[in-house]
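Read through the structures below before going on.
There are two complexes below, and they share subunit A, which is joined by subunit B in the first and by subunit C in the second.
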Partner chain A sequence: MLLLKLAFRNIFRQRRRSLLTAISMAGGYILCTFSFSLSEGSYNNAISFFTLDHTGHVQIHKEDYLQRPKIHKTIDDPEQLSEILDSREDIAAHTLRVFAPGIAYSDTDNSPAQIIGVDLERERTTSTLEQKVSSGSYIGSDLDSDGYYSAMIGAGLANSLNIGLGDELILISQGADGSVANDIYIVNGIIGNRDSPDRNTVFLPLVAAQEFLSMYGRVHEVSILLNDEGDSRSEASLLQEELQDLSVAPWQVVESTFYQSMQTDKQGNNFSMGVIVFLVFVGVLNTVLMSVLERTREFGVLKAIGSRPTKIALMITLETGLLASLSVLMGLLISLPLIGWFTAVGFELAQPMDVGGIVMSHMTGEMSFYVFAIPLALIVLFALLISIPTGIRAARISPTEAMRST
Partner chain B sequence: MTAVISTNEVCRYFGDEEETMVKAVDRVSIEIERGEFTAIVGPSGSGKTTLLHLIGGLDNPTSGSVELSGTNIAEMSGAILSDFRRDHIGFIFQSYNLIPVFSAEENIEYIMLLQGVEASERKRRVAEMLEQVGLEGLGSRRPNKLSGGQQQRVAIARAMVSHPEIILADEPTANLDSKTGIALLDLMKELNEKHNMTFVFSTHDDKIMTRAGRLIHMMDGEIESDEVK
Partner chain C sequence: MESLASNGHSHHQLKAGLTCSVLFLCLFSIQVSGAERAIEIIDEMEALYQGASSSATMTMIVETPQFERTMEMEASSIGTEKSFIRILSPRKDRGIATLKLDMEMWNFLPKINRVIKVPPSMMMGSWMGSDFTNDDLVKQTTLTDEYSLTLEETDEQYAIILVPKEETVTVWGKIDYIVNKEYMVPVAQNFYDDNGEIIRKLEFSELRDFSGRMIPSRLEMIPMNKEGNKTIIIYDELKFDPPEVDESIFTLRNLRSRF
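Take a look at the complex of A and B:
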């Protein structure tokens, strides 16, 4: 107890120096938590943006469809697969899709288009397609009274074909059997705006697309939403074991370009965190060394009157640990509300920022145990690391030498 | 009866080379009995401090041995030596050397804390010591709020509170004016008689040395004379 009191008073003995060290540790801590929170936050935003937009957390395809999409690489029994997926606890929702490139015609114009057939009911709970309808409505999968299916088209396509709600859309593509596919659809919904990634996409009801492409009952892609994004990899490998003849991939594989650039970016962040911690480290080292050097005589006396060497070393460690803990606590008091605000409210960027290929104009942070705990552990650990050799040095001071130095 | 302090041909040389070697203490053999009040005197550089440090186990002899109550302290090191000093030897230094961040009371209490003495007992003994050295009511002051004489009284209390057999004091009065110094020495003498503790102190001061029961004169590391009054 007296040792703790001694450590405490020794910290307050050099108020200015201790305060400066404390500020550098607290400041370093705040910077670390903030940059950690920012990086986690913006990546988590980006991840949830595209996983919810269309990717999902896990995808299933036939063979290497992901790398080399070919119309004949199909999942042949999607209904049975759906049953399996519906029965799994970790899976929140899933949807079925078919894809084909095509050309879209109106009376006056034509334009290349990406044709996607989706299970409209399942898509609702799996992706944000429904929220992206900017005019008209989210279509149904029934034929209208004239025998036409409905379609939703990207705003860019609507513009270049010069068509709108209620107009006819003609699609031409190649069917799975090699035949020429062509049919007429009625535009009942417009998706997004002219800058959206889906600006040249045509969304059809799954049955309509399967009919159009002569691939009855088959699909190209199953996109799965999990209850917890963090389970993506493990769930993917579990599913892969069960579905031997299909390819299961977590979003990290599906969006590998994004994932790679995120990892590189995070390494950059870790590096800058390392630099901050190093600067703090140098400051603490300086303080601890100074305070030991100028107290050589005192340590000599403490040893002379019977303090064990280990006690002296412990005293230095205790002092440093106490100062580091107090500083980090001070930092925590500031960073907690700061990051709370940053997570809840965030701020608008003057200039939109590219986060691994996704452009974001609003930044929010991430508030998690790790955001606070990792920088805390790093700083306290480094401070203690410094104190150990310094403490040993103080413990080795010879009382006679110490007494001679004035 | 074995002597409390017994040195046998103890030497402490500094430096390795023949020409530059300093024989700070050279073949000193002395026996000091329990309860003696001994002064080590001699000119500056004669080896007084070095001898006291050898006796106190702060320094290791180049050759020869130091036995305290029959125990050869050269055979001890690290924590064992620390504990031995804590339990058997009290130190008083020329420049007081109190812990500046501790109050007078806490300075006195510290050694008992290292010894694991119970809190109530510590409190009792601190109060008793403060009274014996005449510092009642000043216990809560930090060293920088005490005069030199008062600080040295705290140092005496600190050295004596754990009831060591031996108190070693290196020029305890050198930083004090002569009146305060004499008063302090009288206090030491009084405590020496009362508790039958063995005191060994060094000094330059003629007025101080006359109060010693035994005078050991040193010169160039050797004992020049040893007189018991």
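Take a look at the complex of A and C:
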């Protein structure tokens, strides 16, 4: 307790110097939290964007459909699979999909299109498809009075085919049995705008797409939404154990290009944070050394009247630690509202950034324990680290030499 | 048989052939050079299933590791220039038709009531999901025009090796054409790429008497680079010069007509 009191007094003895040191540490802390908050926030935003948009947290396919999609790599009993998935508590929702490339025709034009058949009811709770309908309505899976299924098409496709709501859309593709898949659909919904990733996609009711592609009852993909994104990997491996003949992959695998560039970017970020903290602490080390050197006589006296070397070393460590804690506290007080604003409001990027195929257009921060705790721990740890050699130096001072020096 | 052979010739070739033959006749004994004979044989083979005009019903079986699909169809042709194929079954595909006029090809899809021209880039694409390409139907490449031929002979077979002529762009690097001497019918065709690797085999078997002519009724196309895939065509019926085949069949108007 006495030591603590002494340490406190020592800090406030040289107010200006302590303040400058504190500012540099606080600045380092704010910079760290800000940078962490930015990268966590932006990436978490992007992750929740695409997992909700289409990827989901976990996906199930047949064999290596993910790497090499072939129309015949199908999940043959999706109903039984649905039952299993519905019964699991960690799973919030799931949906069934089929995919095929095709050519879309209107009376006058044609254009290549990506055809996706979705379980409309399940898709509603799993992805944001329904929110992406920009005109018309979210279609149903029934035949209309003329015997046609409805379709929703990307705005880009609607534009290049020159068709709109209520018009006929002709699709041609190859069926799973090698036959020529061809049919007419009625456009009842337009998805997104001409810049969205779905601009050339045709969404069909699952049954319609299965009929079109002659793959009755079978699907290519099951996309699962979990209650907690953080469980993606563990849930995927649990499901994989249960479903031996299928391939289960968390979003980290599905969107592996994104995930890898994210990891690389985060590592680069951590490295530059490390460099900044290092530079801050070169300055701090200098200050601490100075304060020890100018008190050589004091330490000499202390030792002469019987202070133990460990106590002296401990006092130095306490001083530095205390200063670091106070700085971090100061930094925390400043960064809290800053990051709070950043999380709530954020700012828009002048130029949208493409990270492994996923476009990020908005920068927002994240406010979490992690964002504040990691830089805090880092700075206090660094402070304690540099106080050790200086403490040892102070403890080793010989009283006679110290008192002789000026 | 003679008439069949000359049908395959273009006038130009016929003239050249005649001049040559006359020359040979005059100067030497009655002997045609190997290459000339080879052209004759190939032209005869290529015209075998068509005649002056023909109509056929056939069954096509497409086998892959994932599925097997059987289609019945009827086909009509005049010479090698014009042909028309209509799928009769399965019900799902009924009415899908293909028209070939000279070098062009159209497909008609009744469900969407639409004629789609097959673009040149799709000529090597699969016809109706089979291992036959659109080009196999159209025969855009006239073998005797674009390949140099060498004839080899055994007691039972002719083996004609087709190598692309210089400065011609061809689909294949080499074709072996094996012909049965006794019946003068094809036995097999092997197709190679530019590296000399075999890409696919077409085998002819099950000789049947169609209108007094022995013709292989079973064709098997086996792609060598796709294991487990195979397409079989079986001729159920083949008639030559049938009265019902006339020019009106080979029109876009007829292609478009509901069936």
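By our rule, the second predicted complex is superposed on the first by the 399 of 406 C-alpha atoms of A that agree within 3 Å, B and C clash if a C-alpha of one lies under 4 Å from a C-alpha of the other, contacts with A are read in each partner's own complex, and residues count from 1 in each chain.
Everything that follows uses one rule, which is that contacts are C-beta pairs under 8 Å (C-beta built on N, C-alpha and C of every residue); 3 or more make two chains touch, one makes a residue touch a chain.
What you are looking at is a predicted structure, and each value in this text was computed from that prediction instead of being measured.
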item	value
Joint occupancy of subunit A by subunit B and subunit C, clash or fit	fit
Subunit B versus subunit C as contact partner of A:214, first or second or both or neither	second
Partner touching more residues of subunit A, whether subunit B or subunit C	B
Touched partner set for A:308, first subunit B, second subunit C, both or neither	first
Partner chain in contact with A:298 - subunit B first, subunit C second, else both or neither	first
Once both complexes are placed on the shared chain, angle at subunit A toward subunit B and subunit C, C-alpha, multiple of 10 degrees	150
First (subunit B), second (subunit C), both or neither touched by A:147	neither
First, second, both or neither for A:183, with subunit B first and subunit C second	second
Overlay on shared chain A, then closest C-alpha pair between subunit B and subunit C (Å)	85
Footprint of subunit C on subunit A - complex, ascending	72, 105, 170, 172, 174-180, 182-184, 214
Contact footprint of subunit B on subunit A as seen in their complex	2, 5-6, 9-10, 13, 297-298, 301-311, 398-400, 403, 406
Subunit A-facing residues of subunit C, complex	62, 64, 66-67, 69, 92-93, 96, 107, 109, 111-112, 114, 116, 126, 128-130
Contacting residues of subunit B [partner subunit A, same complex]	53, 56, 58-59, 78-79, 82-83, 85-87, 89-91, 93, 95, 97, 99-102, 106, 109-111, 113-114, 158-159
